[in-house]
Amino acid sequence: NYAKIDTARKKRTGYPEVIYGAGKTPEQISGIATALKKQGQPVLVTRVTPEKATKVQEKVSDLNYNSTAQVMIWEPQPATHIGEIAIVTAGTSDIQVAEEAAVTAELFGNQVTRIYDVGVAGIQRLFAKLNVIRQAKVIIVIAGMEGALVSVVGGLVDQPVIAVPTSIGYGSNLNGMTPLLGMLNSCSAGISVVNIDNGFGAAYNASMINHLASKEAAR
Amino acid sequence: NYAKIDTARKKRTGYPEVIYGAGKTPEQISGIATALKKQGQPVLVTRVTPEKATKVQEKVSDLNYNSTAQVMIWEPQPATHIGEIAIVTAGTSDIQVAEEAAVTAELFGNQVTRIYDVGVAGIQRLFAKLNVIRQAKVIIVIAGMEGALVSVVGGLVDQPVIAVPTSIGYGSNLNGMTPLLGMLNSCSAGISVVNIDNGFGAAYNASMINHLASKEAAR
Amino acid sequence: NYAKIDTARKKRTGYPEVIYGAGKTPEQISGIATALKKQGQPVLVTRVTPEKATKVQEKVSDLNYNSTAQVMIWEPQPATHIGEIAIVTAGTSDIQVAEEAAVTAELFGNQVTRIYDVGVAGIQRLFAKLNVIRQAKVIIVIAGMEGALVSVVGGLVDQPVIAVPTSIGYGSNLNGMTPLLGMLNSCSAGISVVNIDNGFGAAYNASMINHLASKEAAR
Amino acid sequence: NYAKIDTARKKRTGYPEVIYGAGKTPEQISGIATALKKQGQPVLVTRVTPEKATKVQEKVSDLNYNSTAQVMIWEPQPATHIGEIAIVTAGTSDIQVAEEAAVTAELFGNQVTRIYDVGVAGIQRLFAKLNVIRQAKVIIVIAGMEGALVSVVGGLVDQPVIAVPTSIGYGSNLNGMTPLLGMLNSCSAGISVVNIDNGFGAAYNASMINHLASKEAAR
Amino acid sequence: NYAKIDTARKKRTGYPEVIYGAGKTPEQISGIATALKKQGQPVLVTRVTPEKATKVQEKVSDLNYNSTAQVMIWEPQPATHIGEIAIVTAGTSDIQVAEEAAVTAELFGNQVTRIYDVGVAGIQRLFAKLNVIRQAKVIIVIAGMEGALVSVVGGLVDQPVIAVPTSIGYGSNLNGMTPLLGMLNSCSAGISVVNIDNGFGAAYNASMINHLASKEAAR
Amino acid sequence: NYAKIDTARKKRTGYPEVIYGAGKTPEQISGIATALKKQGQPVLVTRVTPEKATKVQEKVSDLNYNSTAQVMIWEPQPATHIGEIAIVTAGTSDIQVAEEAAVTAELFGNQVTRIYDVGVAGIQRLFAKLNVIRQAKVIIVIAGMEGALVSVVGGLVDQPVIAVPTSIGYGSNLNGMTPLLGMLNSCSAGISVVNIDNGFGAAYNASMINHLASKEAAR
Amino acid sequence: NYAKIDTARKKRTGYPEVIYGAGKTPEQISGIATALKKQGQPVLVTRVTPEKATKVQEKVSDLNYNSTAQVMIWEPQPATHIGEIAIVTAGTSDIQVAEEAAVTAELFGNQVTRIYDVGVAGIQRLFAKLNVIRQAKVIIVIAGMEGALVSVVGGLVDQPVIAVPTSIGYGSNLNGMTPLLGMLNSCSAGISVVNIDNGFGAAYNASMINHLASKEAAR
Amino acid sequence: NYAKIDTARKKRTGYPEVIYGAGKTPEQISGIATALKKQGQPVLVTRVTPEKATKVQEKVSDLNYNSTAQVMIWEPQPATHIGEIAIVTAGTSDIQVAEEAAVTAELFGNQVTRIYDVGVAGIQRLFAKLNVIRQAKVIIVIAGMEGALVSVVGGLVDQPVIAVPTSIGYGSNLNGMTPLLGMLNSCSAGISVVNIDNGFGAAYNASMINHLASKEAAR
């Protein structure tokens, strides 16, 4: 009644509907999750606080909660994972967003490599990991403050880079608007941007690209 | 002297350095173009007004000018083009940005399908072209005003969508900031965004994705 | 003393004064409500949290509280309702604003049809309801994130559309400024906009239009 | 080729496609106008400078130009006009926007009453015209600077008010953003808002409301 | 140590230093208040919450707290009051700011007339009070939402008007930025503006003007 | 026809209507000026470029043009001038705004003292003029860049200070928004603010205050 | 794992890595602090609330907490301190930021002179301290509200001035954006700016300059 | 008359008054320049277009014009230059701002090393010059677009870095606000920022630091 579940989404766009948890009550989340489960669709709920997760689990006890990524998941991970998505963060504080991305990407059948805390204040940390990063098919770069890591990575690789600004920072950081604007104006080419803290969205994009490559290879 | 040409860029990122023409004098453009040509690199100059193009051609006469896309190009197009990139615009006024994208994509060896003026004010125009759009590997959607076309396309396809906001509009459009913000907040997943009017950047991204798929297939 | 109740408003503008509850103490609300009741005027208080409602009811016990719409009401609904106002939302999270609109419209003597959660991420949900929507006299469209649903509806109907941006979203959504700007720049014509989350204002406008049509018909 | 004319728009939304002239070349305008004429549809082009109008007329000589409203029109005005739309401006400088609205409303078959230069700096000018304004079915209020006239009119009438902020002002007027924001936050109810300088959009809305009333009366 | 009390301020600017309470601890407030009292200077502390006031009174028990105005005061009011300052608000919710202004003005030796809740949504309420308002020497107008009351009053009187925007409103009100910008762009002349919610600042200005007139008369 | 001249304004607010020249054609300006002259009212037109002034003078030859202040004036200055208004600027570039203020103040019967180019980068220049400034009844401070001069003057005087931010500056000055915001947040009390570059408005306010004092003295 | 400690930073930039405490859990802080201690590096953690400090000390008991500056420190202060850095604040409320700067500067081996509460509302307080300020090698000026103190100091001294805007203020202060913009547009030369409330950053810069001078002297 | 030349500035702040040319007429510039010359002070005028320079030279023929830096200079360069300031730009388009900085620094007696077009899109260009950069006493980094070069340099050096954002970019670059905000939020320490395009201000700061070091060494 409060929701029209888009059950055709998987057919249409390749992925099932995902529940954005932030604006929903535990009742709404468990209602939609139950409906999806009945249809045999995997369930992913993003932006769930620990308190809300507990209330949801009272109704749908087999929804697993990942407290770092703040997501709930139902259905075993896919057996095989294709390609490789590198998830790179500038700092320690960006890890929550990175894990939202990582869990989403894994659920959608991608292999994930995590490279955290390699921001440009100590750029040698990035160079030490460049070989690993260059092996990935797609790269997600996650950074707050001024977001400069995105431009540096973009200038060093030949894969698509998906940039995620985070709300980490203070004052004129403007809750992430500053890195968002910076990433959109990057002097490096090959970068596209999603909303502030949108780890889910970045992983969704990266997964689409990864599967496209894999589908082509399978022809 | 005024420029350190990044001749290793092709090796590093897969594409040669492209000259951003807007902030440069005709002398600077022709100087950099000549240097690139000497190394046998293809030359692409973006954001060149007709007047500036004429002055550049006085010095480098074989740089071709495309006045719709406002770009200059040297080197025959690649013999073969892979994949297919669909370039979709909301209105007639978005065509300059679309052609910047189209020319860039073609120069980088991609096939391009143009689907112009199918904005949501008359959404049946989009549905009439949906089959064509769904055949592409990657989709670029270009829109000004409020940019709603991006969300509609994003909800209907299973390919990556790269969104380009344009500065077409007036008043509270704020020179394209309104569609930029709208696209970043799209309710559809699978969308990433580049800077306002950045047709070049969108094509660069789309080409990277397209080649990735093609490389995988070639393994 | 703290309020000069505008008792002539019904005569002047067709509707009695409505109490905006957000900035008022329970004492102020009950004081104004009592004064309005004494004059036989219907009472509508908007933006009342459950806690505040309880305190108000301690003083004016017959003010009914609707916790979804967060409004308080006194006086039976009008016996007959004219015309039909369609209230359309993009998502589940927009329902609070929608119910503020629905309750207001009903109190003002309009029939209301609710069509919730038909956002453009799954546009077939909207098309499935298009016949119902087209039967209304006036359409209210409520959406957060980027607000694209407004443009899509506006391009499909020949009734006035009143657009309500909501503060649902995060990051560069800027608490609803992004859909507000988007709706004002819609590529579809026939759309006018009210403030963020202003379900009451949208219903007030829609009711005015509906009654105008009904008055003309009654001549 | 550059445009997909939305010839079904009249059927779908009640009004034919209107050409937004600001972002188009004279060639594009005359091309679209000719196509619309061939189908027997009335032609309205908005935002045309005198210079551009002259160039368009070289190709489509019977497109009439109204230099105050900056619009081009083809097709005789409808024989009969229904209802009455009051167009009220705060100052002399708002007249261009007002005439864009007036010409649009007349072309769409409405009667128009013009009440110009009655801003709140001399509020007695408004009261002197209140009887005239109250006879209209719908009221369009157009104001720049801080846009206060909208709230004053809104508090005095029982018709729907469509508010148009204009870019008249300087400094912290921010090219019309200040009256736009002011109108959206009006303390009077019954007001909805369109984009800055959007006289056309206001008239389109007002006409829809006016025809709705007239259609109801005709049943 | 944490404060250099500006004990010469009364001599230099005509009024003693006033303590802005919002950013200070109870210890800092009571320390500065005690120092001022020792010098026989009157004490005014603004922006004090009830909780903080209680803690301050534990140390300086004779500082009186006014919970409507949220200020603390020491020293009997001046025996005689000159002139008259009218304090006009648009709504009930603006009263806290109005009382901050009123208490300040009275402490500085002015007579104050309060005219509350006469906003333009019911403009007859203002006209009913116009005679009273016109008797004042200086007028303070306080309004939130869009702040239109300021322009209406400004067009009707021949006294200086000091405008105070308040943070009352929601959504695109932007915490008072909308009425602030509106007041700065008023179409009426004779208006100057102070910061959002700055009742103290308005009263300070009005008092200066009032005393200037009174000093001139005393020559 | 295009204007309803507010001939009662002098009676109502103490000053006749002033013509804001920026948004008007030479025809409109000369039409309104002629109408005012016929009624024996003084004429002041602000924001007139030299080119426009020449065209206006072709129709109304006795309107004098002051090219520094960019205003046109008709009617001899009042024979006697009361009080004294000090007009203080931070830099040389603020002089156009200062002269708009000075000419307005003189036309309205005030004595004016000009103290230009005494900004805080060389604060000794201000101290050298402090005695002169302190003799005035009201002080207008005009500054661009960051506008700090206002706070310094405000802390040194016991008269009302009217602050005018100017659009002098670049980059993050944001066309005067930076000094506007700075002045509204001044740490000194006794300051009120008008719109960016609004020399006319500042003089109007100062004149009102000055005449109020003078009227009191005359009782 | 969650952090790649940049142990080479001291060698590269002259100072060890500093822990930004605001976005980190107590576990992360104590983990990084322990690692740094093991390498014999001094530990500085900024932006630590008292509650978080207590939790960190449960794990690393010898990390000292300074509750005014809200920082944690390990390692005795350097035996000798060079040069002198003057830290000047406008008000009492800026002291937290000032102490963050002072503690950082002392830890990095600088002598610090504190001059607090000398804002321009009472400018004689600044002049009384000018001799002391002029003896310093570098000056840090910290101010909220409009930040005018920076321009005044900058015009009086021949040392580099590092300006720190604070978030002290309300309404159109916009959480410190107003003094930030003001300081960037200062009419005085010799001023550079760091982020809002960034006392640490200012001290880091000042220390670099101070040591540069001292190193030169040591050659 | 229009200017109070601050002839004591050299004594007070170490450097003579510099003329900001953008807002001044050729007459004003030549007047102030002549007055400074008479006192034997060096003359520097910034932001002078070629056309304005020609007009100024008609009156003060020995003012030399540097068309790349857009500055005018009088007085031979100082015989000896101390220290070394490195001026680093991200792109070719930043050179005008860089030359304004370079010429200012040289005039003030500093040695300057220019390292242009080493932006992070091709970061190997920066590493190739790192040895040269590390030899400087102070580093000025100039960048437009997103300004990421500043953070990279800041993380690699142990000298003070002064960051200059430029207005090079388009769309959401917002005329340089994006790199300005980015630089203020840099994840590297040791960076302070001046206004957009403010090459002069950066050089002034760098020179102060350089001379401070040199003075210390001379003791």
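Letters are used for the chains, namely A, B, C, D, E, F, G and H, taken in the order the chains are written, and counting of residues starts over at 1 for each.
To be clear about the criterion, a residue touches a chain if its C-beta (ideal position, glycine included) is under 8 Å from a C-beta of that chain, and two chains touch if they have at least 3 such contacts.
Remember, it's a predicted structure, so these values are computed and weren't measured experimentally.
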Exercise for review: In contact with chain E and with chain H at once: which chains are those? Just list them.
Suggested key: F, G
Exercise for review: Moving only to chains each one touches, count the minimum steps from chain C until you reach chain D.
Suggested key: 1
Review point. Based on CA centres, what chain would you say lies at the far end from chain B?
Key: E
**Study point:** Counterpart interface for C-D, drawn from D-E, G-H or E-G and sharing over half of its contact pairs
**Key:** G-H
Check your understanding: Taking shared residue numbers divided by all residue numbers at the interface, is the value for chain E and chain G over half (same) or under half (different)?
Key -> different
**Study point:** Between the pairs A-G and G-H, the one where more C-beta pairs touch
**Key:** G-H
Practice item. Would you kindly tell me how far, in whole Å, the mean C-alpha position of chain C lies from that of chain B? Key: 43
Point to revise | Chain centre separation (chain B, chain E; CA means) in Å | key: 57
Practice item. Would you mind pulling out the distance in Å between where the CA atoms of chain A average out and where those of chain E do? Key: 51
Exercise for review: Would you please write down the residue numbers of chain A that are in contact with two or more other chains?
Suggested key: 12, 91, 121-122, 154-156, 171-173, 177, 180, 184-185, 188-189, 195
Review point. Each pair of chains that touch: what are they?
Key: A-B, A-C, A-G, A-H, B-C, B-D, B-H, C-D, C-E, D-E, D-F, E-F, E-G, F-G, F-H, G-H
Point to revise | Touching residues on chain F, where the partner in the complex is chain H | key: 91-93, 95, 116-118, 121-122, 124-125, 168, 170-173
Point to revise | Parts of chain A lying in touch with chain C, wherever the complex brings them together | key: 1-4, 6, 8-9, 12, 17, 20, 22-24, 28, 32, 165, 167, 175-177, 180, 195-198
Review point. Once bound in the complex, which stretches of chain A touch chain B?
Key: 12-15, 18, 137-138, 154-160, 162, 180, 184-185, 188-195, 200-202, 204-205, 208-209, 212-217, 219
Check your understanding: In the complex formed with chain F, which residues of chain G make contact?
Key -> 90-91, 119-123, 145-148, 150-152, 154-156, 169, 171-174, 177-179, 181-189
